[in-house]
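Going in written order, the chains are labelled A, B and C, and every chain counts its residues from 1.
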C-alpha cells in the first residue's frame, strides 16, 4: 500500500484496517505457507522439462504450454469436465434446495431424514463405487433389469459422462443440503409470518422470501461446487477402469494431470495442465463475481 | 379445498418425496452392512447376484475385525485430529470471515482472491511439499502432524464471509454507538450470530478430516498414530479384495462420525422453532 | 508516533479496567476478568502451549535420512524396528540420533495389475521419489519394470551408481521409457534380487523380488550397503 493512500485514510479507517489485517493474518499466512509456496513450485515445474532416470530438470520456458495447448486430449478433457459440471452443479443445487426447504418445516422426523441424507458423505468410497458399479452393470445391473434395456451405462462413450455426473449429483446432495439448511436458519421467521398474513401461499413465499434471502448461500454453494466439479477426480477412477472404452470421452482434466504426473512421471507436463485448469477456473470465477453483484441480495 | 386440507396434502407430498430420496441415499450404507455379513464368495458373485446373504448372516465378521485391529487407538487418533482441526479452522476462519465480510481495508480484494485461488488448485499438488514441512518440523507420527494442513481453511473463510455478509447492517451500527471497538463488536455481537454457519463449518471440517486418507497415510507410518480412514486403507491393502472384512471395518469406522453429526445438527437446527418457515 | 498512541490507548484501557474492578473482591475480580476476557485468555494460553510444543519438536527433530527404503506390496513386517531393519542398522552402524533409517513396508500398490491408478500409496511413492526422499524401492520384478517406464528410477548406467552396476551386471532389469526422447531402447532400472534374504529369510515376496534406486536419491552408498546386507545374509 502506498504512503499516499495511507495518509488519505481517516483515523477510524486506519483503526478498522489494523483490526482487519490482524483478523486475516493467521489465515493468509497459513495459506501462503501451506498452499501458495507449493503452488509456486508447480508454476516453476510447468516451465521445466522433468528430468527422468536420474537427470535433473531443465528449464524450457513455455515449451510445455505449447505442447499442452496443442494437444487435442487437453481440450477434450476440459470439455468433459465442463459437461460434468453442467450436470452436477445445477441438479445438485436444485435438489438439495428443495430437500432443505422441506426439512426446515415443522415436520415430524426431520432430524432422521437429515441424518439419512448425510450418510452418503461418510460412507466408504469403496462401498459407494461397488453399489454404483453394480447398478450400472450391463448384464446383471439393477437399472438394465428394471427397464429391460441393455445399455452400457459406463462404457458407452455417448452416455458414460452422464452416468458419472449422476453419481456426482448423488454424492453432493447431502453437502449442499447442510449448507442450505444453515442458510435457511438465518432467515428471520417473522418474514414468513407477515407473508402468511398477507395470504401468500407456499410457492409464493418460497419465491419472494426464501430465494432472495437465501441468495448469498446459494451463490456460495454454486461457486464452491463449480470449483469442486471442475477439479473432479476421485469419482472417475472409482468407477472407470483403465480399459474402459469411454475413458477418453469422460476423463476430467485432473484425471489427465494424474496420468501424466504420476503414471508417466512427466511432472512438468502435469503441472502445465494444472495451470491451464487454474486459469480456466479463474476466468469462470471472475465472471461469477461480476454476476454476484447483479443477482445476489445482501441486506 | 380448505387451507387445512391443502396443508395436509402438501405434507403428504413432502413426506413421499423425502422417503423416496431417503431410500436412494441409504442404498450404499445398507450395501455396506449387507456386504459385511456375507461370505467373501457371495460378496463378489455377480452371476447369481445376492442382495441378501445367502448362507446365513455372518455378524461375527464385525467381531473378527474388531479383535484384529486396535480400534480404540484409531478412534482416539481420529477424534483428536478432528477436534483440533475443527477448533483451528473455526477460529481462524471466523476471524478472517468477519474481516472479509464486514470490514473495509486496503488489500481486501487481493487477499480475498488468494482465498479463492487456493480453492481452485487441485489438492494433489500440496501434499508432498506439506509432507516435507511436517517432516522438517519433526512432527511425523504425531497428532500435530495430522492437524497441520488443516490449521487454516480457505473454504471456511469463504463460508463464514458469506455468513457475516448476511447479517443486517444496523446491528453493527447500534453496537458502535455503545463504544465497542471492533474486537469487542466481533466477539460479543457478531460471532454468536453466525452460529449455524460455524456449526456447518465444524461439520464439514470434521467430515473432510475424517475422510482425508492421503495425509494420515503419509505422516503416520506407524499404526499406533494413524487414523481410522488410513487404518482402513491399510486393511484394504492387507486383505486385498476381502470385501466383507473391508465393509465391516468401514461400518465400524463411520459410527463415530455419525454420532458427531447427530450431536452437531441438533445444535444446528435449534433455531428452527423460532425461524422456521411454512410451506 | 503510532506506537506511542497505541501505548497510550492500552494504558488508558488498563486504568479504566482497574477503576471498574477497584471495589471488587479478588474473587469477583477474577470472575469479571474471566467473564469479559475468557476468549482472549484461552486463545493466548493455547497459542503459547502450541508454540512450546512445536518449538520442542523442532529442536529435537531428526530431519535427515541415512536412507529411506520402501518395500512395496508386501504383507510381511519390514518397517522400522523389524528384524530386517535391526540387522541393517547393526551392520552399517548408522547413528540414529543424528539421522533416520526409514524402512516403509506400508505401501500396497500392485503396479503390474493396474498401474497404481488412483492408488494413494502409489501417489506417495511418486511424491517421495520426485522429492529425492526415497532412495530405493523393492517390489515384484514385473511391477518394477512397469514403474521404471516413468523414469522415476535411476538409470543404473549413471556414473553415480557405477559400483552397483558393475557388481550386479548380470541381474539387471530393463524397461522401455514412456519418454521416447530419453531412449527408445530398454533402460536398466532395477536389479533382480529374488534369491536375497528378502525372499528366502524374511518372505517379503513369494515369486520374485527386484530393487530400484530412486532417480533423485543422494544416499546411493547406503543402498549399496543394503544390497550387500540382503545378498550376504542369504541362507545365514
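The rule we apply is simple: a contact is a pair of C-beta atoms (placed from the backbone, for glycine too) under 8 Å apart; a residue touches a chain by one contact, two chains touch by 3 or more.
As the structure is a prediction and not an experimental result, all values here were calculated from the model.
Can you name the chain that lies farthest from chain B, using the mean of each chain's Cα atoms as its centre?
When every chain centre is compared against chain B, the largest gap points to C.
Counting C-beta pairs in contact, which chain pair ranks first?
By number of C-beta pairs in contact, the leading chain pair is A-B.
Could you tell me the distance, in whole angstrom, between the mean C-alpha positions of chain A and chain C?
Using C-alpha averages as centres, the distance is 31 Å.
Please report how many Å separate the Cα centroid of chain B from that of chain C, as a whole number.
Their C-alpha centroids are separated by 28 Å.
What's the distance between the Cα centroids of chain A and chain B, rounded to whole Å?
About 16 Å, centre to centre.
Show the residues in chain B shared as contacts by 2 or more other chains, in ascending order.
91, 124, 128, 236, in rising order.
Which positions in chain C touch two or more other chains at once?
123, 130
Quick check: what residues of chain A touch more than one other chain, meaning two or more?
In chain A, 258, 261 touch at least two other chains.
Give the list of chain C residues in touch with chain B in this complex.
It comes out as residues 39, 43, 50, 53-54, 57-58, 60-63, 75, 79-80, 102, 104, 106, 108, 120-121, 123-124, 127-128, 130-131, 133.
For chain A, which residues count as touching chain C in their complex?
Per the stated touch rule, the residues are 50-54, 234, 237-238, 242, 258, 261-267.
Taking the complex as given, what residues does chain B use to touch chain A?
So the residues of chain B touching chain A come out as 10-11, 14-15, 17-18, 21-22, 24-29, 31-32, 35, 46-47, 49, 91-93, 95-96, 98-100, 103-108, 111, 114-126, 128-130, 133, 148-149, 151-155, 157-159, 162-163, 165-169, 181-183, 186, 196-197, 199-200, 203-204, 207, 210-211, 232, 236, 243, 246-247, 250, 253-254, 257-258, 261-262, 265-266, 268-269, 271-272, 274-279.
Spell out the residues on chain C that touch chain A in their complex, using ranges where they run on.
Counting only chain C, the residues touching chain A are 114-118, 122-123, 126, 130, 149-155, 158, 160, 177-179, 182, 187, 189, 215-216.
Could you pull out which chain A residues touch chain B in their complex?
Per the stated touch rule, the residues are 1, 5, 13, 15-17, 19-21, 23-24, 26-28, 30-39, 41-42, 95, 98-99, 101-107, 110-111, 113-124, 126-128, 130-131, 134, 137, 139-140, 170, 173-175, 178-179, 181-189, 191-192, 196, 202, 205-206, 209-210, 216-217, 219-220, 223-224, 227, 230-231, 233, 254, 257-258, 261, 271, 274, 277-278, 281-282, 285, 298-299.
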